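Structure in structure tokens, see below.
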Amino acid sequence: MLEHGVDIVLAGSIAVVAWRVLLEPQLFRSMVLFIAMGLMLSLAWVRLAAPDIALAEAAIGAGLTGILLIRAAQTEAAQEAAAAAREAATSGWRRWFPGAGRIVSAAAALAFAAVLLVAVIDLPGEPIGLTEAAATEMEASGVEHPVTSVLLNFRAYDTWLEVGVLLLAAMGVLAIHRTYNLRSTRSEEHTMLVLTWLARIILPLAVLIAGYLYWSGTHQPGGAFQAGAILAAALVLMQLAGFRGVSGLSTLWLGAGLMLSFAAFLAVGFIGTFEGEFLRYRHATGELIILALELTIVVSTAVTLAALFAGAGSQSGDDSDAVRARTPPESL
Amino acid sequence: MVMSVFLYGLALFLILNLIAGLVRVLRGPTDADRMLAAQLFGTTGVGILLVLAEAQGLAALRDVALVFALLAALATVAFVRARRGPGSSEGEAGG
Amino acid sequence: MSTFELYAALAAVLFAVGLYGFFVRQELVRKVVGLNIIGAAVFLLLIAIAYRNRGDFADPVPHAMVLTGIVVAVSATALALALARRIEDETGTRRLPEDEESS
Amino acid sequence: MTPAEVIAAAFAVTGGIFYLAGTVGILRFPDVQSRLHAVTKADNLGLGFLAVGLAVLAGTAEVAAKLLFIWFLALAGSATACQLIANASVDDDVTEREQADA
């Protein structure tokens, strides 16, 4: 009974918060609400018996996405009022049909939602998922946790391409910055003692917890991506605390970190072709291969996400200099 | 049985606390207030996860709480570091 | 209303909200947030279906897909924000040129 | 209910009360500096009591150690975050005064 109450309150508040996130006139407020929504979503994953997803949401949704958005919101705070005013003003065809764009957009959005609902209602009565298949095949995968066996064995293809997407995103950010490494990105000049303290505590603990999640991923929720995301968050914290972090890496090491996992999947895949199929390893050495691949995923995810953050968060030079000049020295 | 009802009740109570905290995000008045509310969500979220771990019998949820507790401060750190110097909240005191 | 139906309905609502925001808001950062909400809706639907199809454990295939999706979503978000920042630096606006002309 | 469960429930309820106090604090206190107390004191104590209660309920040393570790992490994070927010809000105040003088 109360169990259901938890679900209803959670679902209702997520919907309301999402609405406010999008319609909030002030960007910063909207971003904090978005972070709150991420937290509520991870509670929803918990209620839907998906601890793996909750872990990923905790590390990525609450950690990295929040940081990215907070940065984006703040650097633009000054232009906020002007932008809001311009958004309200209408011209062109919008002057003749006030609100027409909104009505069309709302209609389209509702139509999509309706189609989605119809599809859900139309689902066959009997569950037709792959739970059974995964359960019977898991023995052969080399690991005892179903999600890991899907991720790194049955559908390793998907995971390989995902790692490829990460690599592409990192290349994109580097291209946008017209650079081969992140050494030109802004590093925090004056250090804050508390922050140094926090970084010194969190870095070793993050390594410990990431190692734990990596290792336990073979038999319980956890795994390489979550571990990598936690390490990435720790690297970002280092950067924020004034250490060099990932932007201290040379082009060679950055590139190696970014490409490691993609290359490892490729290599394992080709070795697999000698046994008949690309990326197929359903035999005794499965666990070893999976652990090795996961280790490369940890490294590549950590480096890539931290690099994406450093790249996306950096400001155009003269602007940040002005900010620094105005910031008073810390009194601790 | 009694314990299960108690735990779900506690989880619901904590979720309502979290929702009440959202009011502070909307009201502000300064960005620091909003960030403070976000910090509150972190602590409350960890509590909810721990209670649900017990209620649903899912030990893995404690790991989720662990990760949340580890990374809860990061958004705040980013906030303090990215501020456009002092006075970033001017013009919205009525929030 | 079962747990599955509740969260599937929430997914539909989130999808509509995200899509509407994506259409209506002109600032690029807002569009990125709208896309993130649409993504969350899709993830929610997949996980709800996995929950419906559970046996001894929830269907691991949607779980793996969503896990992949979350990581892809964050990297896409970072790339999009970097692009938005670059557009702002080059043109001095946080919208797309065509939106800028019409408003 | 077994005696252990009663003790656990008592701790958990105490934790819940502290959480409630924290929420009331953040909603009702007049400015940032006083609202900081709601987060740093009330909520962290709430989490502490909750953790002790749940540790009693779980009854194993492993779980208890993990819960205490989580509490320690939350304390470290929230103490740092609140100090940073406090600094930021002091900066805001200084600017306001400067603007008033000018």
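Labels A, B, C and D are assigned to the chains in the order they are written; within every chain, residues are numbered from 1.
Assume a residue touches a chain if its C-beta (ideal position, glycine included) is under 8 Å from a C-beta of that chain, and two chains touch if they have at least 3 such contacts.
Every value quoted in this text rests on a predicted model; they were computed, and no experiment measured them.
Undergrad: Find the two chains joined by the most C-beta pairs in contact, please.
TA: Pair with the most C-beta pairs in contact: A-C.
Undergrad: Could you work out which chain's C-alpha centre is the most distant one from the centre of subunit A?
TA: D
Undergrad: Please report how many Å separate the Cα centroid of subunit B from that of subunit D, as a whole number.
TA: It comes to 10 Å between the two C-alpha centres.
Undergrad: Please report how many Å separate the Cα centroid of subunit C from that of subunit D, as a whole number.
TA: 31
Undergrad: Quick one: subunit B and subunit C, Cα centre-to-centre, how many Å?
TA: 22
Undergrad: Would you mind pulling out the distance in Å between where the CA atoms of subunit A average out and where those of subunit D do?
TA: 27
Undergrad: Note the residues in subunit B that touch 2 or more other chains, in rising order.
TA: As it turns out, subunit B has residues touching two or more other chains at 35, 37, 42, 59, 66, 70-73, 77, 79-80, 83, 85-86, 88.
Undergrad: Name the residues of subunit A that each touch 2 or more other chains.
TA: Only 47, 49, 75, 192, 195, 198, 202, 205, 327-328 qualify.
Undergrad: Among the residues of subunit C, which are close enough to touch at least two other chains?
TA: In subunit C, nothing touches at least two other chains.
Undergrad: Can you name every pair of chains that touch?
TA: So the chains that touch one another pair up as A-B, A-C, A-D, B-D.
Undergrad: Sort out for me which residues of subunit A touch subunit C in the complex.
TA: Contacts found on subunit A: 4, 7-8, 11, 14-15, 18-19, 21-23, 27, 30-31, 34, 37, 41, 44-45, 47-50, 52-53, 56-57, 60-61, 64-65, 68-69, 72-73, 75-76, 79, 83, 86-87, 89-94, 101-102, 104-106, 108-110, 112-114, 116-117, 120, 123, 127-132, 134-135, 146-147, 149-151, 154-155, 158-159, 162, 165-166, 169-170, 172-173, 176-177, 223, 225, 229, 301, 304-305, 308-309, 311-312, 315-316.
Undergrad: For the complex, which residues does subunit B have touching subunit A?
TA: Of all residues in subunit B, those touching subunit A are 5, 8-9, 11-12, 15-16, 18-19, 22, 25-26, 28, 31, 34-35, 37-38, 41-42, 45, 48-49, 52, 55-56, 58-61, 63-64, 66-68, 70-75, 77-86, 88, 91-92, 95.
Undergrad: Sort out for me which residues of subunit B touch subunit D in the complex.
TA: So the residues of subunit B in touch with subunit D come to 2-3, 6, 10, 13-14, 17, 20-21, 23-24, 30, 32-33, 35-37, 39-40, 42-44, 46-47, 50-51, 53-54, 59, 62, 65-66, 69-73, 76-77, 79-80, 83, 85-90.
Undergrad: For the complex, give me every residue of subunit D touching subunit A.
TA: The contact residues of subunit D facing subunit A are 73, 76-77, 80, 83-84, 87, 91, 94.
Undergrad: Which bits of subunit A are touching subunit D when the two form their complex?
TA: 192, 194-195, 197-198, 201-202, 205, 327-328, 330
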